Structure formats: C-alpha cells, structure tokens
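Both of the next two complexes hold chain A, though its partner changes from chain B to chain C.
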Partner chain A sequence: MFVEDIKNDFYNTLLGNRVLLLVHYDVDAVCTCKILQDLFKCDNILYTLVPVGGISDLKTAYEENNEEIKFVVLVNCGGTIDLVDILQPDEDVIFFVLDSHKPTDICNVYSDGQVRLVYKDDEENIPNFDDIFRDDEDEEEADENLQGADRLEAMVERRRDRKAWEERRHTLMFNYTQFSYYGKPSSCVALELAVRASRNNAAALWAGAVGCAAHSALYLRPPAQCLLDAEPLNRCLNAQSHSTTAHVVVEKDAWLPLYRWWSVEGALSHASFFTPKLKLHASSGASRLRQLLADMGFPLQQARQAYRSMDVELRRCLLSALETAAPKHKLPIPTRPTFLLHKPHSPPMAALDAVYAIMALIEHETLPKAVGFQKALSALQVNGENEPLKVGITAARRSLEAVARLAHSTLSSRGLLLAGPFNYFIVQEGTSEAGLVRGPLWLGEAARWIATATSGARPILASAPLPDGQCLLLGLPPRYDQEPRNLFGAAFEQAAQKSGISVVLDYVDTSVIVLPTSQRTQFLDALTALLA
Partner chain B sequence: MFGEKVIELLKESERNRETLDQYNDEKIRQIIEEMHVLFKLNMNDANATTENKSLWTTVQVRHSALERNKRCLLAYLYNRMNKIKILRWEFGSVLPPDIRELLSDAEYDWFSKYSTNLATYMRSLGQDIGYNGIDLTENLRPPKSLNIEVLCLVDYGKLELEDGDVIMLKKNSTHFLPTSECQTLIRQGILKQIT
Partner chain C sequence: MDPYEIEFIGENRIVSIIPNFSYDKIYLICGEFGPFRAGLPMNVPLWLAVMLKQKQKCRIVAPDWMEVDNLENIKEEEKRSRFFTKMPNEHYMVEAKLILGAASEDIPNASEIKTIIKDIWDIRMSKLRTSMDALMKSGGSYGRLDHLTMMEINSVKPLLPAAMDELLRIQMMSKKTTPATLNSSTFSQSGTSQNT
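== the complex of A and B ==
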C-alpha cells in the first residue's frame, strides 16, 4: 500500500509513538536517517536506531527490538522483500518503507495497511492486482450445482483459463523482477517531508544534497533522472535566504573527488569516471596526465601541492582550464553543477566529497561498520568543527588510492578475465588493496573504473575476499553510466539454484552476493552457461 | 563581656556558608546559660531598684545584651533551617547518615515534617490533567530538551522505561530517550550522549 499524503499519513501517524528506525549501510540511507532524526528530535518522537547490513541483519534487529514497538520505519531496506513473510510481525505492527531499491516486492505493494510504502515511483510498472492474485474458491463453489457434461465442460474451461492466467502472471512477474535498479533517492523523499513539516533547515538540505550526489556519483540512476530527482532540492535552495550562517548552493564545480582536500594531480588521477580514459595504467599514462596539466597551464609543482596552498590565480581558473583542456584529450568534461556547502570562515565543501567520506567511513579498513555508521551520521553536521568528516576524507583518499592501484594492476597485468558474455576480475587475498576494497561500495567503484577503462560495453563481475573463506561477488551491468538497470540479481539467483552452490543472497542490493571462495570458479561457470 | 559567645557561634557558621556544620550544642547551652544569668541579675536589680534610679542603666544594658543574644540565636537557627531545606531538594527524603548526624533532634523533626509536606504537595499536583503528581525535585533547572540522543556502548540487555516500554540496549544502537532515564546509565558508561 502506498502512502498518499507523506505528512499526514506517514509522519503524523508516528507522532507520540516510539519508532524503530532500521537503516541500511549506504550513503543515501545515512542522509535520510539524518533528516528523519532531526525531525524526530524536534517533535520528541522517541526512537531506536539500528543500522542493518542485509536481510538477516534486518531480521535480528527486528526480533531484538520489537517489544512494545508498533511503528517501524525502514530506510533503504526491506522494500524488495516480503516483509510480513520474513519478519512475521504481530498484526498491529505497521511498517513504513522508504526504499530506493527497486523493484518493490508485490506483496508489500498490495499489503492492506501493514506495510506502507512512503513513496510511489511512477517509473515502476507494477502489475495490476488482478493479474497477480486470484481467488479460486468462489469459482469452485459456483459450479457445484451444475450437472454432468456441463460440469465437466466448466471444469475444463476453468483449467484452461487458469493455465492462461498463470502463464500471463509468470511473464508479468518475470518482466517486473528481472532487473534490479534504484528509484528516487530516499533522502529527497525525506527532504520533501521536512519541507512539508516546515523544517527545511541547512542541515536537512545538505543531507538531501549529499543523498542526491551519492546517486549520481555511484551511477545508481541514469544521469537525466538524477537531475530530475534534485528538483525539490533546487526548489528549496532557491527559497532559502542567503544568510551568513551555513547554507547550501548550486554552483558549477569540478566533478573530481576530494580535490579540495588533495592536490589537483591527485584528484585528476583518482576520479573513476575521468581518469580511466587517461589510461594511467599504461606506460604512456603518466605523460598523458602531464600533457593534460600542461594544456591546463598548471605547473607540475603547483599541481602536486595541496590545493589549499596552490596559487590563488590557478585555483580561480581551474574550472575553465579543465573545460578547455579536457576535450583536446577526448576526455569527458569534468565540470557540472554541484551542491556546495558554504560555511562562514571555512572553505566550501562539495557534496561529492561528503559522499566519498561517508562511503569510506561505512566501509572503513579498521573501524567496525556500526561505529563507522555513527561517525558518518555526525560527519553530516553542518555547524562547528567536524572531526568525523576529516577522518572520513583521509580514509576516502586511502580507499581511492587503493581502488586506483587495484584497477591499474588489474588492467596492466591482464587481470581482467574474459568469460563468455562478461568480464571479471578478482581482488587477490593478502594484497594491500584487499583490506580497503572489500565492501560492495568500494568494490563497485573499482568495477566502474575498470568498466570505463575498457569502454564499458560488457558487463563486469568483481570479486573480493572476505574472512572465513568467503568472497564477495558484485555485478555491474554494461553501459552502467547510461542505463544502470542490473540484470545480475536475477541471474545470480538462477545460477545458484542451477549449480546448487550455497550462495548467501543476503544483500539488499541483489547484485551483490557472498559465496565460498572455493566454489567461485564453479559458480562463474554456471553463470556463463546461464547467460550465454 | 556579654554576647561574645554568640558572636563566635555566628562567625563559625559564617565561615562555611555553603555547608552545614555540626549543631553546636555545647555553645548554645552556654549562651542560654548566660542569658539566664543576665535575666536573674536583671530581676534582682529591677526588684531592688524601684526607687534607686542609678541602676536603670545597668538593667537596660543587660536587657539589650539579652535581646541581642536571642536575635543572634534565632538567626543561627534560621540560617540552618534554610540549609536543611536545600538538603531536602538535593538528597530527597532520606538523608545520608553522615549528614543526619549534623542535625539536632528538633531540626530532624522539622526536616521530616517539611519532607512530608513537600511530598503531599507534589502528589497533589497535576491531578486535574491526569498525572499522579509531579516530582518537582527532578529538574531543578529547566532542562534544555526532554529527550536526548544516546549511543549504546556495550551489550546491556533490556531496559524498562518508566512508562512500561522495554527497549533493547545493544552495542552501537542509537536511542532517543527521556533524559531522566539515561542519566544513571550514562554515568555508568553504558550509554554515551551524542549531540
């Protein structure tokens, strides 16, 4: 069931009740959670917040915390699974689902009020109720009173009918579930709620901006859709008064990760949509980068030092220099309108940088995930000294460097293997990158890097080692930057069924799975056979 | 000289404005004795001197000394009473034994009566709006917010709130709870306040 009025039917229902907030580990979810937390704080709604990593986490978190709880809000998790079936809740428990993972499970859509989906995406082609569910009982009763041949005929007729209906249902469901993809960022929906509640302060806007930037930086949505998603955000930005306190603005900015905290050369050689085209892994790569810097008019000495201490003139003309120099090298133009946070007495902060910082905190090399999650939440604060953000940025630089090293070594040592309809690469255990690139977020970044370097026309599978002889397998669709619909979710499931390998389909994003390392080759073979 | 002891008493209590001293039984007894002596001397002189007016000045001086002693003693007791009143708000109805020793019996009686009165008053509050009394001693200063955000640092288990709700305190879960419920747990290091 969909919520019609986000303020009255969703938020006002929660007022005065205790709420269980289950939040997935991803950037958009962290931003959404931040907005919701601020709203709850204002209205004194007591809540318990538990971050969840996957479906089994979701189950334990619910079982541990379901006492006396009547309202559960799920952020970026739970939409794609049948909640009532998996969690077995009491009848008076109500779930509000704010999930940008698609397709939404049919049982959640047609739930009679126990599961309420906060936002209805118009792009989803949800099959009609009558095509999916059918009540057979009354039909049987209806022809009890018929006699002899009539009855037989009616029965045959009914069976034929039923068979046709089942086939139709199967096709419909297949079409509906074959691709996994992402909908509008949850943080945008949460921001709309904050606007309706007249609480769209700078903190909420910043969280919304970071959520939007996350979807476009991680290529979860087609570029055009990303622009449309940001529409409510832009509306709020125009309405806000430009005060002397912290505020968010839209400006043209270089789409290079962390360049304000790095050097220009560092940022140019670690941007996953841009750098692979420079082919830095090849021996001529370094000279190509130097050529680019020369065309931009940046002396090497300046380009290598921290951006903050660079020549002011060069800093000012960075954008125009990039714009003129990039097309000469057949590179994509690395400037686009971005959200920036302006704070008094401190340099502006780009939403893209916050995305990478949060990613690095959630999948930190040493910090446990839950601690990283808390740090990520506090990294989103807009006022005052932001220590967690600095930790995140340092970690993000390390992770980006690891991704670049991994991509270079994979590409230069022919680590990208060909297997029928797809390519795949494996992060070797024990390498220095394995510790940093072990979560789906950074592994995805590495996969995108490699896909860009190899023109991106073929789907790519990436695998990273996990402890206890397990490994992570992640699928990236072909031409991920234009059409990010992912077919690997359904393919993994079928391959697992056919090969009989004990695959853990626990991630909310179905294109990420965990399987025993020893059976990886076997599984890839099964997948090749399936997709060929 | 008259009235010296009472000044000593007051100076002593003046030295510790914030804290409560031991009730100075010995000195007070001495002061009252002095007052009795003064009174007797005055009685004798007053009876003897209905005609002799030369003693009147003496009687007057003694009388003012007497009254001064009385006023100072009352001031001493009143000051102590105010301190004891504050004790009720700080410690609640049961005093720690070391503080109980500092009070005289009469003062303790007063303390119990004050305590009972306050409790009766607090119970009677807010009945018209459906509360069974309000604990006025809970927030002596207006709290900035009723609820605070806390992060759980250890696997603590279940916690029952005053309104009967049960919450599960597990490591790294965040809760938004009434301030009064968390304070003890924060002091024990189980919860941490996040801003």
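== the complex of A and C ==
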C-alpha cells in the first residue's frame, strides 16, 4: 500500500523504535541513507545499517538482523520483488520501501499494510486490483443453487469469462513488467521528508543535489524528467540563507566530470557524454582534440596543467569557450545548469564530481565494499576537510581513465561484435581494466561510452570477468539518453529459462546478471534467437 | 594537559540559546536549567547548547564579543601593544571553535569572524614565542605576562619547564667546572673533576 502522509505515517511511526535500514549499493541510495541517518540522529532513533548488493544479500541481512525489529526501511532495493514471499517475515513486521527501481511488484502495491511504499509515482500505470486478482470462490457457491442444464450452462459461461480475464491479465502484466526503468530519485523523497520535519540544512540539500545529479549523469531518467525531479530541490534552495556558510546553488557549469581536480585536456578526453564523438581511438582523434582546444583559445601547455594551476583568465572563460567551440565540431554543448556547493575558503564543488567519487568508492578496486560504503557516506559531509572525497576522486580518475582505455581498445581492435539485433563486447580477463570495471556502475559507463561512439542506435551488451569463472553481463537499451527504459531484464529472464543455463538473477537492477563464463556464448545465442 | 582538557573546562561557560521545543526544568549535576520554552531565549552551558544544536533543537545566539567591529578593535589593540591585552573572554578560542563549528549559520559573518580570531591568535602566539625566547636568553629567572588565556599557556607548557631544566643543568655544570680551572695544581682530584 502507499503511504499518504510521509511525515506522520512514515516518520512518526519510526520514532522511539528500533529500525533496520537496508541500503543498496548505488549513489542515490547512499545520498538517501545520509539524509535518513542525520534525521535519525536528531531524534535519537536507534538503527542498524546494512548495505546490500542484491537479493540474496537482502535475504541474509534480514535473517541475521531481524530479532526484535518491527520496522524495516529498504532504500533502493526490494521494490521490484515480492518481499513477503522472499523474506518470510513475521506478521507484525512492517516494511517501508523507498525504491526508485520500477516497475514495483504488484504484491507490494496491493499488500494490506505489511509492505508500505513511501512514494507514489504517477507515471507507473499500475493495473487495477480487480484486473489481477480475482475471487472465484463466491461464484462457485452460487452455482450450487442452480440445477441441471442451467448449471452446466453457467459453468461453461464462467469458464469462458475466466479464460478471457486471464488473457487480459497476462497482457497487462506483460506490458507492466517488460521494461525496467527508474522513478524519482529516492534522495529527493528523503529531502522532502527532511523539509517537512524541519530538519532542512545544507548537508541534506547537498545529499539531495548529488542524488539528482546521479540520475542525470548515469542516464537513468530522460533529461526532461530529471529537471522535473529537481523541482522540490530548487524550492528548498531558494529558502536557504546565502550567508557566509556552506550553501548549494544552481549554476551553469561544464558537464565534464572532475575537471576541477584534473587538467582541462584530461577532463575533455574522459567525458563520456561527448568525448566518444571525438573518436579519440582513431588516429586522427588526438589532432581533433587539439583542434578543439585551439578553437577554445586554450594553449596546449595550459590545458595540460592541473586546473588549479591554470591561468585565472582562462579558467574564467572556460564555459564560454566551450559553448562557442563545441558546435564547430558538431559536438553537443557541454554546459548545463547543475548543482554546486559553495563553502567559504574553498573552491566550489560540483555535484557531478561527487557522483563519480561515490561511484568509485562503492566499486573500489581494493577496498572491500562495506568499507567503501562507509567512506562514501562520509564523502557527502559538508563541513571540515573531506578526506574520503579526495580518495574517491583519485579512484574515480583512475576508473574513468580505465573506461576510456577500454573503449578505445575495443573500438580500434573491432572488439564490438555483432549478434542479431544487438552489439556486444567482452572485456578480456587479465587486462588492467578488468579490475576497475568489475562492477555494474562502471561497466555501464563503458557501455554508454561505446554506444555514443557508435551513435547508439542498437542495444549494447557488455560482459566483464568476475572471479571464480563467472562473468557479469549488462544490457544497455538503444538511444539510452532519450529512452532509458530497459527491456533486457525480462529478456534475460526468458533467455535463461529457455536455454537452461544457471543464471544468477541477483541484482536489484534486472538488466545486470551473473553467469558462468563457459556458458556465455550459449546464452548470447539464446538471447539472439529470442530478440530476433 | 591536553587541549581537550582545556576545551572541557571551557565548555562550562554559559551562552544564550533559543530552543525550538518546550520542556520543564532539567536538574543536572552542575545546576538546574530551564524551563525550556520554544522561541524564548535562555542561558545554558556551552556543551548543552552545542549538543542541542547538533540535534537541531535550538538556535545559538552569538555572544556579545563575537562581532566583526569588536574583534577588529581587539586585533588593532593587540598589534599596537607590546604586551598582551585583555581578551573579551577567558576561553575565547574554545568558545569560538565550538560555536562556529556547530552553529556557523546562526552567527552573522561567520567566516570573517573565523579569520579575525585566527589573526588575533597568531599575533598573540608570536608575541608569546618572542617573550619565551627573551626569557631564556636573559637567564630564565623571572618573567611576567598578563592577560594570557589558559589555552595559550597550555601551548608553551611542554616547552617551558623542560627548557628551564636544561638551562639549570648547564648552569650547574659550569659552576662545577669553573673552580677547577682556577686551581692550577696538578692534583689528581682536580684532574678527575675536569674529565667528568
């Protein structure tokens, strides 16, 4: 069922009780968790925080921690699965689900109070209750009163009705579940909760801004929707005091990841949103980049310097230079209004940079996942020296460089293979990049890069090696920047059923699966046959 | 003594807050405070104010001395005078750090105040260092410094007694060896004392 009043029905019920907080490994979930943690600290709510990577993690975490806990809050996980069925909880445990993964499972929507969805998304076309669940017992009773031929007629009539209803149900469910997509960022919902509870401060606003930026940087929502999602955030931004403390603003900024921590040339060669169009993997790519810099009016030596040591005049005219030079090379304009954090005695911090830093911390090469998660939470702090953020930014730079190298090598060695209606590429085991793109977030970044380079009209599948002879398979829809609705979730499930391969459908995002490397080609063949 | 201990002592000072909740009187070990009425200012210890502020349950009112003009005057005084001037508060550093850290949005011009207080601290510390230097050079017998706060005294605490000990040891050594040089005899007694 849906929670109508977020403050009274959700937050006030949690006051004074122990809460189990289960959070998924992604940027939006980290931001939401930070906002919720600050709220819980203010009101002395005891909580247990467990980060989960997939559905099996969710199950183990619930089983280990569910003694004497009556309230469970799930952030960005559990919305798309039937919770009561999978977790088998006690009768009086209440689940609050704040998940931006859609489509929400029907059993969660029509649960009678045990599973409560904190946010109602109007864009989902949830089928009506009567179209899906049908009560057949009453009708059979009515039949016993009729006699003989009438009874036979009534039974035939009913069977026909039932068949028609089942067919309708089947089509409805198929239409509802075939695409997997994302709804409003959970951090925006959490921010609204903070505002209603009057605990709105710069830290909560910054976490909300980073969550919104994540959805637009990772292309989880169409760009128009992203602007609409950021609407409550903009309302709160106007209400904050712009004095000499940390505050968040919306300003036009270059959409180049990490450019303030890198050099201009470095940032330009690693921006997945428009660098692939420069075709740096081709031999003429480097000269194209130099031509772009020349058009912008930046001397090569300055562009190669760290941003902070660059000439101040050049720094000031970076935005206008980008805007004039990009159309000449038929590139999309890389500046757009984004969120920046202004702190006294500190250079401004872009939300986009924070997104990449958190991504790198969650999927770090050497840090274990739980440690990375805690570091990511502290990287969102607004006061003080932000050490975890700096660690995250260095890791993000390495990962972006690895993604670029991977894309270049795949494209130049023709590693992008054709299979039926889609393209696919495989990351070879043992390359230096294999360690860095092991997780779904960075592998997705690599897939998006390759899709932009080949003008993304076909869906792309990416595969990366995992330890123990398994590999990760990720599907990206065609034209991902306009239409992020992903059909690979349902497609993977069906292909797995048909080919009988032991696929692990563990990830909350259904377009990512794990399967044994030896059976990968078989699976791809089955998929080709399915989608042809 | 650690700086934390001085912070602990300094936290006991009374500041003014405006709570946003209502509650009865509370009876603490150090005294009773309250009743809390939302929107009405009241006096509480600094540690209680910072704790409430972190839970977003109050607003801290800036102390009287924490204003740009006031602090600018103090800074000018400090620069001009050769000796130390009286600080507005015995624990100005502790109060400034805690209030500006937890409640910087309640203080107008917080970042300028931070800079000015840091400047005052730097001026006083450099004066302290030169006066320590002069004390040691003059033989380390007597020095008088007025209007020093606890935190500043604590920063030279590890250095001063150790330096004076060394000075005394050197003086003792030189007193022992000077009679031996006056004695021109070649007795083994003086020889051994010279060798030690």
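The rule we apply is simple: the second predicted complex is superposed on the first by the 532 of 532 C-alpha atoms of A that agree within 3 Å, B and C clash if a C-alpha of one lies under 4 Å from a C-alpha of the other, contacts with A are read in each partner's own complex, and residues count from 1 in each chain.
Here is the rule we go by: contacts are C-beta pairs under 8 Å (C-beta built on N, C-alpha and C of every residue); 3 or more make two chains touch, one makes a residue touch a chain.
Worth saying up front: this structure is predicted, and the values here are computed from it rather than measured.
Legend: residue contacts after superposition of the two complexes on their common chain; A:41 is shown touching both chain B and chain C.
Contacts of A:374 after superposition: chain B is touched, whereas chain C is not reached.
Judged by the touch definition given at the top, the superposed model places A:510 against neither chain B nor chain C. In the overlay built on the shared chain, the residue A:180 is in contact with neither chain B nor chain C. Of the two partner chains placed by the overlay, only chain C lies in contact with A:345; chain B stays clear of it. When the two structures are aligned on the shared chain, A:108 is found in touch with neither chain B nor chain C.
Once the two complexes are laid over each other on the shared chain, residue contacts for A:245 go to chain C alone; chain B is not touched.
Of the two partner chains placed by superposition, only chain B is touched by A:18; chain C is not. By the touch criterion defined above, A:50 lies against chain B but remains apart from chain C after alignment on the C-alpha atoms of chain A.
Once the two structures are overlaid, the count of chain A residues touched is higher for B than for its counterpart among chain B and chain C.
41, 44 are the residues of chain A that lie in the contact sets of both chain B and chain C, per the superposition on chain A. The part of chain B that touches chain A in the complex is made up of residues 145-147, 149, 151, 158, 164-168, 170-178, 194. Those residues of chain A lying in contact with chain B across their complex are 18, 37, 40-41, 44-51, 64-65, 67-68, 368, 370-371, 373-374, 378.
Chain contact summary for the complex, chain C toward chain A: residues 54-57, 101, 104-105, 108-112, 114. Across the complex, chain A meets chain C through its residues 41-44, 198-199, 201-202, 241, 243-245, 344-345, 383.
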